[in-house]
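Structures given as structure tokens follow.
Look for chain A in each of the two complexes below; its partner is chain B in the first and chain C in the second.
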Partner chain A sequence: MSLDQITSSNIWMRLVDAEYENMDEQEFSDRFKTIYLEETGELFEGEIKMYHSSDSEKIKGINSSYDGTAFTVSYSEEKNLYLISQGTQGGSDWLYNVEGPFANEKFDQAEAARTFVIEAKDHFDFNPDEGEVISFNHSLGLHNSSMTGLSEEAFDEVYGVNGLTFSPYEIISFDAKFYNAVRKEFDIKRIEEIDKIPLADLKGFTKDYYSDAQVTISNTVSEDDPLYLISEKFGFVPFDNTTMVDTNPEVSGLKELIDNIPDSKVNDLRNLAAAFSRGNQKGGFNQGLNEALGVNITNLKSYNAVGVGAWYINYPDEVDETMEGLQDNLPVVLENIRLIEENSEEIFNSLYEYGYISKEQKDVMIKELTNLEKELTRLNDAVDFNVDMHNEDGWFDKIRRGIGDTGLAAVAAILYYKIPNILDRIKESGTLESLEGIVESHSITEMLNALAEGNRSYVGKDLVFTSDTGGGDPIKVNMSAALRLYTQGVTSLEVKQTLITELETLVRDEIEFAYKDQRWKVMHEIYNVESSPSSYAYELGQYRFPSYKISSVNVLHEILPLEQADLDEEIADMKHSVDTGFNYIENYRKAIEDLFKEDEEVSTLFDLSRRI
Partner chain B sequence: MSEFSIQESIVLIPEEDFSYKKAVLKSKVEDILDEDQVFYKLANNILVGEDQKGKVIDTMKDVTNKRSSRDTGINGRALEKIPTIVRNFSDQVANMKTQKATITFKEIASLYD
Partner chain C sequence: MRIRIVIALILTTLIMGGCGVSDDDGSNQSSGNGNQNEVESKPDVAAFNDQFTENFLISTEPVREGYYPFKSEIGTITMDFPENMVVGEKSHQIADGNRGEMFEISSADMNSKVFTNHLFKYFNFTREIKYTKESMAGSTGEELDFKTMDTGISNQYTEIAEYQDGADEFLATLVWNDNHQEIQVFTNMTCRDDLNEDECKKEQEKAKQSALEILKTIKILPEEE
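Right after this comes the complex of A and B.
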């Protein structure tokens, strides 16, 4: 067992992927050991300590949405400090992608990464002379860590998967020493003059300047990763140790497609991509398109279901939201649509040629984008000509009351009929689903699968083994899930066992004992009544006989045992299920071992998994 | 005659509402049901894809499905039975609290004889 194993790509990439779950120290330690076991077949017997960036007051103070986990791993005489920096997660991260790496206006996540590594060293009292400081990253995480690594030499090694690099313009503003070197090299006096330096020259100088850095930065990138390819187009600086991997052999050429974008369109596309990215993170590809187009396509579901008239009458809020969205966004929508429409032949022909979409989908997209551009232009003209949108009795009210002029009727027709129909046809073509594959190429799972060897592959964050021993089609077994059943399944059965005991106790307390308690109360009351009847004169109805007094009471008590008030049969069945459950888990293990008779590692994995 | 006896039912203790016991018991069975879901979620993720076939696979699927469905049935039966057992309990407690008694009355004047 050695700490060197941790930097093998399948271990660290899976750790980074797992880190997105924001685990506590125990969960993280268990996950680390599980991944280590699954990938090496060995039990990790060292110690893991964890520190999350959200626990750092200084990081909170920066308020950057940076998210990272630092952990030390100790075994025998070895001890290293590792830092995982998350990639883009929420809307604020995507906004940061635009404002930071692409627009070079913000550096607070890189600042937070720099602060966090210092904080982590202090927190663990880690002496860099006695061990290595290693950084693992996905996407935006590499951007933050590499800037920190190069400017501060805070790490010995930095690893990235589909890692975003940085632009020369950005690191000039982040690294004062580099800025001074640039000023000297290109003879500039003020930072604004940097724009005058040709990008290729600045990029070359940046690479040369940092080539002597002590830190080793390695980036493993999918050939189909859209973020990396776009960043290349924007002149970001690649690292020397960049390994390109074809993670999706069924498609190709995304790079060529992006390279063919005219430089003049880069900025426009950057804004469009930023809007898409924010939406994509919020709700997937369709939401991305919503953001890019400025209209909420999902609102049109109701329209699709009930038709124009009923949509207008029954869902006025959705109609208003759509219209208000257009009121605010129409000029931008039109501009974005025109940008895509003008290039639609080239874009969709390429996407077809490279295998992302079918010929039918290509034809639909080109045709419908032309139609959409035409209708939006008409809509824009109609709105400009007819409507004072800020008037209290504006066009929403006019349309609602049906008193609009013919121009307004045209607006309504375009909104309620023509545009939804165009969007319907785009949706029905399935193009959007086909394009989901592009985003998938930014994921860690696709990379792990591309790098996997032998009978191994990955589903989500889990390791999968494939067996050919069945004689028919290969059988895929999720080994991570099988080990979870083998370990957590037993825990789950034990929890169930406890719950059944608690149920048994509850039934006894609430029914059986409660009945005995009630019986005791009744017997006690009988004794009271019989021994002191005069005390119960009113309750016993003495007032009915004014000249008489109660002299004695004899209760002819009949108290039967409690009947038909138990869960004995069900509880017995539950207990039986737990008992056989342990066998079921063992049988499942045997069945999987049978599928992988040749692979002794499978038995070892089961044996060792319970020692984590 | 200075005394006489009557026989009638007397309420020894007022009735109580025990319906809250249903929720107490049901809640525990629901915890068991939730734990079963945790267990079968672990089991159901093992075979990748729904359409895998083969002797071993079919057996695993079959055993898992049967177990899962039997556990669901047991929990369902328990949940269905709880209102009945609480009602039976309440009825039997109510019956116990009302008993037949022989009450003997004596004329007040005769008490001073």
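Right after this comes the complex of A and C.
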């Protein structure tokens, strides 16, 4: 048994996947040992201590959605510190992806990771000279850990699965010495000038600069992982040890599609994301939308509630704001949509050919994008016509003159009905669900399956063995579940067995004790009577015979032995039930072992799993 | 919900589509402190002539000669801002829930003898200050020897470390209080190429004194509710 095994991909990737469950120390230790056993066939007998970022007052203060677990593993003379950084999980993480790494508008998760590493070493009183500090990451986790690892050499090794790297734009404000190197290399004086540097040059320099770093960073990436492919396009810096894996052979890779984005448009996309991010930080999602697209959704609620006429009579400020926002931003949005629409045949034909969407879905997307472009064009025209509302012959003037305004009705109706209806039809087509397959390629399970060898595969977080024994279709057995059933079943039956034994003892003891106690009381009383008959003269009726005195008493009383006074039958039933349970479980185990006759490891797994 | 789909659709298709978007320069004005200085009353200095920087200056009245009152966007940093420097819009970032703010201020004159940059990072973290010092040392790659700087500002602490890399001079400044607020400032002072070594040293010393004039006025304010 060696700690080196922990860095084998199937072990650490499964650990990272399991860490998403936010376990306590005992659960984490058990899970670690289970994964270690399933992957190596050996029992891990070392010690595991865990510290979660949610237990850290420092990380709570950062309030950054950063999630991570630090743990030490000790065995014999070896002791290492490991840190797991979670990746993109919930909505807040995806949002962070846009706002942080892509838009360069947020920096708190990387700072949280930086603080957590320092704190974890302190918490465990871990001396990096006496052991290795190793980081395991998924997705956004690698982004945070690699920045810390490269900037401060906080780790000896960093591993990532579908890991997001980092952009030069981002690390420049994170790593002061790198910023200084960029200033010298490209003769810039401040961050403001960084856009002057061609992206390819900056990316190349960043890669070279960090190539001498002490830390080894390895990233295993799906060829279909959208996050990685997009990040590559955005100039994120790849690591030398990057292994690309075709995790979904049924579809062609997305790389070609993403590579088609013109380099000249990358900055525009970044600016769009930055605009959204700035708005989102100021006032939440709606504000983000407002900044990026110029549509204040809150205002449209008033339109829906009161109708178009009353909307601009009762809420002129809202109408004013909506129109001005649309006038400022709509042309950009329209241009983006128009360009997508113009290319929709190519985009959706590719997605159809790559196998992500059906022909029907492709047709719906092309048709509805055309409709969307048409409505946005109408919207743009209506806004141009109406935006000078305060001028003579503007909206308010028309209202005063009782003319009304069909243009405003058009604006509101397009925003509130027509565009949502188009989007509803897209939604109903199931295209978005079909595209979820792309996101699946970002998952750890798909990667584990792609890397799995022999008869092994994975379902969710469980290990699956496949048997070809006996011909016919292969039989898949969820070994993790089988081992859980076996160990938990056996443990549960053993607990039951112990309880029955205790009950049996208790029943026997209680009845026998009560019998003996009562018998003793009776015998004691007989002894009293026989040894001191005069004391019992009255009770024995001496007063009825005045000329006699009781001189002795001989009590004739038979105490029968205790019979039929137990729960033997019931206890036998209980024992039988436990035996049956054991039989079922052992038969289950035997059936699985028979399926994998040639794999002695299976039997070992069952035996050792009970020792975790 | 529908709008979320719009965003998802637009971003997804834009990213995957290989299509162009507009040539919009993407400049977005931060609202800053919403300063509404009248054009005619603005001092004719670099700080006020830069539209983005102007947002952070809360008065056109100087606090002392050559310095104007500055307040960061989330309102937790104030300082005397020199008239000859500007705030970089691209450097400006705000963390979730206004728990952090980052920005760079630099010499407005790109051709000055010594070009000075200050990268400010404000955090409202509850981390121990020793972690911050460790983190700053990691970021600069230097063993930072922090020394206390007397600023005369009560209820906060200021420490500063100096270091060199080649001909460049650097300062690493840490300001914090007992309310879990801290500001890190990374300052660099780079000489113009045509300066010889002696001139460079002399000008850097002047620049350092100017930098200290700013750094010692940094004040942390409580977070606004």
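A few comments on the model shown:
Convention: the second predicted complex is superposed on the first by the 376 of 612 C-alpha atoms of A that agree within 3 Å, B and C clash if a C-alpha of one lies under 4 Å from a C-alpha of the other, contacts with A are read in each partner's own complex, and residues count from 1 in each chain.
In this text, a residue touches a chain if its C-beta (ideal position, glycine included) is under 8 Å from a C-beta of that chain, and two chains touch if they have at least 3 such contacts.
This is a predicted model, so every value here is computed, not measured.
Of the two partner chains, chain C is the only one touched by A:419; chain B is not. When the two structures are aligned on the shared chain, A:173 is found in touch with chain C, with no touch to chain B.
Looking at the shared chain after the overlay, A:185 reaches neither chain B nor chain C. In the superposed pair of complexes, A:260 makes contact with chain C only, with no contact to chain B. When both complexes are overlaid on chain A, the residue A:132 reaches neither chain B nor chain C.
Once the two complexes are laid over each other on the shared chain, residue contacts for A:492 go to chain B alone; chain C is not touched.
The residues of chain B lying in touch with chain A in their complex are 3-4, 7, 10-13, 18, 21, 24-25, 28-29, 31-32, 35-36, 38-39, 42-43, 45-49, 52-57, 59-60, 63-64, 67, 70-71, 74-75, 77-78, 81-82, 84-86, 88-89, 92-93, 95-97, 99-109, 111. Of all residues in chain A, those touching chain B in their complex are 459, 462, 464, 470-473, 475-478, 481-482, 484-485, 488-489, 492-493, 495-496, 499-500, 502-503, 506-507, 510-511, 514-515, 518-519, 521-522, 525-526, 529, 533, 539-542, 545, 547-560, 562-567, 570-571, 573-574, 577, 580-581, 584, 587-588, 591-592, 594-595.
In the complex of the two chains, the chain C residues touching chain A come out as 2-26, 28, 30-31, 88-91, 93-97, 99-100, 102, 104, 106-107, 110, 115, 117, 119, 121, 123-128, 131, 134-135, 138-141, 165, 168, 170, 172, 180, 186, 188, 190.
Chain A contributes residues 57-58, 60-65, 98, 104-108, 111, 114-115, 118-119, 122, 151-154, 173-177, 179-180, 183, 189-192, 194-195, 230, 254, 257-262, 264-265, 267-276, 278, 281-282, 285-286, 289, 291-293, 295, 297, 331-333, 335-337, 339-340, 342-344, 346-347, 351, 369, 419-420, 423-424, 426-427, 432, 435 to its touches with chain C in the complex.
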